[in-house]
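Both complexes shown next keep chain A, but they swap its partner, so chain B is in the first and chain C is in the second.
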Partner chain A sequence: MATQPSPRKARRAAVLGGNRIPFARGNGAYAKASNQDMLTATLDGLVARYGLAGERLGEVVAGAVLKHSRDFNLTRETVLGSRLDPHTPAYDVQQACGTGLEAAILVANKVALGQIEVGVAGGVDSASDAPIAVSEGLRHTLLAANRAKTLAQRAKAMAGLRPGDLLPSIPQNVEPRTGLSMGEHMAITAERWGITREAQDELAAASHQHLAAAYERGFFDDLVTPYLGVTRDNNLRPDGGVEKLAKLKPVFGKGQNATMTAGNSTPLTDGASTVLIASEEWASEHHLTPLAWFVDAETAAVDYVNGDEGLLMAPAYAVPRLLARNGLALQDFDFYEIHEAFAATVLTTLKAWEDPDFCRDRLGLAEPLGSIDRARLNVNGSSLAAGHPFAATGGRILASLAKALHEAGGGRGLISICAAGGQGVVAILEA
Partner chain B sequence: MTDLFTTVVRSTVAKRVGVPQPTSLRRYEPGAALCADPVLVAGSGRFEAGLISWLTTVGIATVTNDEPTSDRLGAVILDLSAATDPSELDQLRVIGAPAVKRLARNGRVVVVGTDPATLTDVAAVSTQRALEGVVRSLGKELRAGATANLILARGESAAGVQSAVQFFLSGRSAYVDGQVVRVGESTATNPDPLRPLTGKVAVVTGAARGIGAEIATVLARDGATVVAVDIPGAGDALATVANDIGGTALQVDVTAPDAGRRIVEHATGRHGTLDIVVHNAGITRDKLFVNMDDARWQGVIDVNLGSILRMNTAILADGGMTDGGRIVCVASIAGIAGNRGQTNYGASKAGVIGLVDALSAQLGDRGITVNAVAPGFIETAMTARIPFATREIGRRMNSLQQGGRPIDVAETIAWFAQPGAAAVTGQVLRVCGQSLLGA
Partner chain C sequence: MTSVTTLSSAPDLRRLYATAAFHRGNDRETVPDERVVLSGIRVDLGELADYSRLCGFSLTGILPLTYPHLLGFPLQMAVMAGDGFPLPLLGAVHVENVITVHRPLQADDRLDLAVHAQNLRPHRRGRQVDLVTEVSVSGVPAWRGVSTYLARGAEHPDATAGHPPPLDGLEPVTGTAPGPVWHLGENTGRAYAALSGDWNPIHVHALTARPLGFSSAIAHGMFTYARAVATLAPRVPDRGVTSRVWFRKPVRLPSTVRLRSVVGPARTLSRLESADAEVEHAVLEQHW
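Showing the complex of A and B:
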């Protein structure tokens, strides 16, 4: 009788480090760089930092949110153009702004299951080199002409073309099901939760101050590699205080209650990031010290279309589920990395966790999760200062948090990232 | 770096009208013979017999002065280490003059003497000191890429002399001319002649571009695992260098207070040890002395000298560099001869020479050698920006009538780093084609 294979025991996946290029505001320094250019430079920087030239890795997983149709195999093409052994397999993932962290979850899980020893998770986005498509009308006409068998049929198909069909289709930062931009969605949620302009500006100013201080103390020396002459995130305004932010006019929301400005919302940004994740054994064989362990992750989604939840509220649901599974309280963390899509996103999420009604009615909790020590929030800056190239944000946060935990000599960190489509990806790291 | 002027002066027309043409120098290739033609070894010094038997073992034909032949010579080695009276110097002329006439293109004259500092007899001291005058003058007479250099032995053992002779005969020393190297006692040799740095872990600062990138490349070619270090702002070029040579990139500003610690941690943590450090990072901020501001002065002194002193503290502490390690600094001809507009730079580079003197004496019992190269006019992106006339003078005002290449500096450093060069310490070797500056 054949013996049943026993299920393999899961092991720990280590975050060994990361590399990203400085993030650059859209239509600026990286305007002519493609997603593949940026991701390749970022991957090669990681290869150089960890001496991986010519090495075959288990897998490289990455993605982009704004993606050309020709880039169907973006990550594999990137690997082929990089210094890694071309026998390294790769695949693309896409979960909007959750892409980078989701890619890391996939790599960490494969490492944990013993399916691979080492992998790279990454993400890249260009708001500048955006895909522009032909209109639906022109596309249908051209396809019909292509199907035609005779010249007459082809002429007939082409005759169906209307002048309006010649206008290109440009990608828009709107939710397909509501037609509202992400900022407009957030403005609705912020108003519902009574998030003030002052609180948002304070959070934005802190993000810039924290990021500038981190650069000053050399925190990014082994996290960032310059690209195309840019050596620091060029959205960073080290001298930007609350006073300057207070002068900006609101861009999202309407009337008296409009609080969201270009200063407390993330700009369109270009950039890429990568993270090296491996088993304990692989790390030890390569004389690399794990910065932190990938403990667990959770994703959630909300119904912002027919339900009455805000578009970016999914992390508020994902985190309590993750805490419950790991037997932790919201206060059991030394660092909190809450992605600053908008300052209001962070403030709403924190307020929701403090709110007894929300926690009882929406999360089904007897007690609210409570408040966090704000001194532990986004201590090395976040997206408001660094910028937010959608798929690259997860890798930025993951590598920075892992290093912060390692520097602190141990501890626990929580990552929370909201994503388009009403989704949220959250994770726990420990060192 | 071929500019219009260079194209013109190297054209067929220029050759016809008699414009002097620089010889294409013979440069080192791993596995190539030390030199193509037989080597004359003579002079009756205490190293002569040992050098002949060693050359035979590495497959180089040797001839003695007693064999009358008119064949081309690849090199002439004159061992005058036993000469104690000025009258014996005539041997150099009697043996050397006909031999030099037979010297092939890119030939070598290597004179071996005894370091006068180890002698007390006045006649002996002056006799040995006289060798330097001969070599420096002969270097200016030799043509067709040939060089003349002097090795001064401080002791009896042959290994150090052998290592220096090997360096001078090979293409590694292509741009080293008219120089003196002192060698002490040692029995060390290179375990693997083709890859002498196998198993060694080397750190090169300022490795993102120019001479530093070449140093990293040459050390890796010779077998070392290289940690390429540069400022975070140069990280993209640094990554390319590290990936090209299969090393690792470490982004750190050498002036950071913890730079030494981070370098040691990276080298020992990632690669298990730290054997070789090349302090190459340097900057220039030229200004006439009377106009020199605080930032230019402090910046140059701190990057080029202060940072090395601070990093060495961490590098030489417990858990840092292994015994038998190598420290190589990059000085400059400006630190020897001075340069207009470079009081700050000249100070820093002369200071480096002082550092080499003092530190080499302190580290002798750990077997760590400390040396420096002093590059002359080297063809880099930096020298390409020098105004035309100044650049052309700099390029030509040396015995080889051409600028050196980054690889010439790198090859000399790679020699200092070899296990076989254990006898060479406290030396500042100019890689300048025997420049007239600071001669």
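Showing the complex of A and C:
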């Protein structure tokens, strides 16, 4: 008779640290670097920082949002080109801007289940070295010509080509189902929630001030490795106050109610990040101190196509489910890391949690989640200042929050990241 | 007394090649005691990215082991094109190269280059000479390359052979790991020439290679060597490394070649061979 295997008890997964390259505005300093170049440099930086050269890790999980077809095995190729033991397995994930945090959830879960002892989660994106595809017309023509067996068939297939088919297809930052850009979607949500231009500019200015202050006090010294002559995120404007932001013209939304500018929206950015996650035992064997524990995570999605919800509102749904499962209130956190896709995204999410109608009708809560202490929000800057290389943002936030919790001598942090396709990825760290 | 020529910018290789046919060499027994130096140069990130892409290096911000050779090559040419240099400029063949990396060079380092010739000596099939390229940063030596060039001429049957390639270790393991295979197109020489400035006619086209005794264009040795180094780079430390290559039979273009390697804890040993393993193109040894 077969014996029933007893389920293994879950254990704690520790965030031991991270490494990223400075994020650079698109078509600038990293214009000639590929995703694989940046991810390799970032992974090798992590390997150097934590003495992992030649080590076989449980796995490396990473991804990119803008991806060339040749990069189908991007992370494995990166591992093979890195100083890790080539016997380290790897795979790619892709969940739009949630990629980096989702990769970390996967690694942390495997560590928690005892399937691996240590892994690296990461992400990379290049808005500069973007893939350009042939048009659908040309693609179908070429495939038909390739299937043809005779010269005549091939000629017939090629004759179907139209001049317009020769234009390349350049990736666009729009939702495939709505044809609206992410900014246009956000502008609709921001207007509905009455998010003011002033509030957005204040949040953007604070992001720059916090990031600049964090660099000044050396916070990023063991989180960032210079790359191609860039030593700091080059979107950072330490002297950019609210006054300067107020002068910018709106780029998303229409008419008088247009509030979203290039200053309170994230720019297209190139960069990569990695995070080292391990079991307590592995950490102690390698004389590494856990910065924080990966407690729990949740993902959510909203129907932004036909339903009545904004594209970037999914984290507003994910967080209350995560809180309920862990028996926590929104106020039980020392740090809040809400990804600044747009200043309006953060402000809308916070406003929704304060709104009794939204919390009752949409979240099914008797009471609103309430407000947070804004002094605990994005204390070391976020995407508006650092920039947002889509898949690399999760790793940036995770490593920074883990370090902030460790520096504070303990505490609890909440991460919230919105993603294309109406998705949200959120997580809790504790130290 | 060493004469030092200080350049303010890299010599124009096109001009050097245009007049190359006039540098026919002479029968002097020694090389001129001369150093050519170029100080404070910065790597162009665009050129570094193109080189990395062509040769298979990751663009990590640390210069590939072979990259400083590219920077020193115009200075080598300037030395070899100097009055009184004993070997002819055209038709000289790169037979051996040794690179020692003392410390890794960053892409944004300011590099000081110095090149001199030494050790003119007889070879079975002519005469050979070493061109030494030294790279330092703020006075600290970082990188040293020794390129050995052979000019075919009067034969010296009793010339002592150089350090022979250590092939023994490679034999038992060939066949286990397939190693990478590279399809090198007819345009390979031109692609590398465009990056390196090394427009030596033997690399450019069959028509320009024929007058110099080759039936087709041949790949730059430093290109196939760089691809091999790039493949092995993740397994090799970035400092305290000596990398040596012996160029055996030229790679005729187009060609399909394979790199077979043994990677040990302190050494790599590789053989670049034709796809059918009949022709040995190069042997590469790196130790640290």
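Quick note on the criterion: the second predicted complex is superposed on the first by the 429 of 431 C-alpha atoms of A that agree within 3 Å, B and C clash if a C-alpha of one lies under 4 Å from a C-alpha of the other, contacts with A are read in each partner's own complex, and residues count from 1 in each chain.
Here is the rule we go by: a contact is a pair of C-beta atoms (placed from the backbone, for glycine too) under 8 Å apart; a residue touches a chain by one contact, two chains touch by 3 or more.
Quick caveat, the model's predicted, so the values are computed rather than measured.
Model built by superposing both complexes on chain A: chain B and chain C clash.
Of the two partner chains placed by superposition, A:246 touches none, neither chain B nor chain C. Of the two partner chains, neither chain B nor chain C is touched by A:144. By the touch criterion stated above, A:41 is placed in contact with chain B and with chain C alike. Counted by residues of chain A touched, the larger count belongs to B, out of chain B and chain C.
In the superposition on chain A, A:83 makes contact with both chain B and chain C. Contacts of A:226 after superposition: both chain B and chain C are touched.
Of the two partner chains placed by the overlay, only chain B lies in contact with A:288; chain C stays clear of it. Contacts of A:32 after superposition on the shared chain: chain C is touched, whereas chain B is not.
Comparing the listed stretches 9-17, 63-71, 135-143 or 207-215 of chain C against chain B after superposition, the clashing one is 135-143. Taken together, the two complexes place residues 41, 44, 83, 226-227 of chain A in contact with chain B and also with chain C.
Within the complex, the chain C residues that touch chain A are 45-46, 49-50, 52, 58-61, 107-108, 233-234. Here chain A touches chain C in the complex through residues 29, 32-34, 36-37, 40-41, 44, 80-83, 86, 226-229, going by the rule given at the top.
Chain A meets chain B in the complex at residues 41, 44-45, 47-51, 53-54, 83, 218, 220-222, 224-227, 231, 287-289. For chain B in complex with chain A, the residues that touch the partner chain are 228, 232-236, 238-240, 242-244, 246-253, 256, 269-272.
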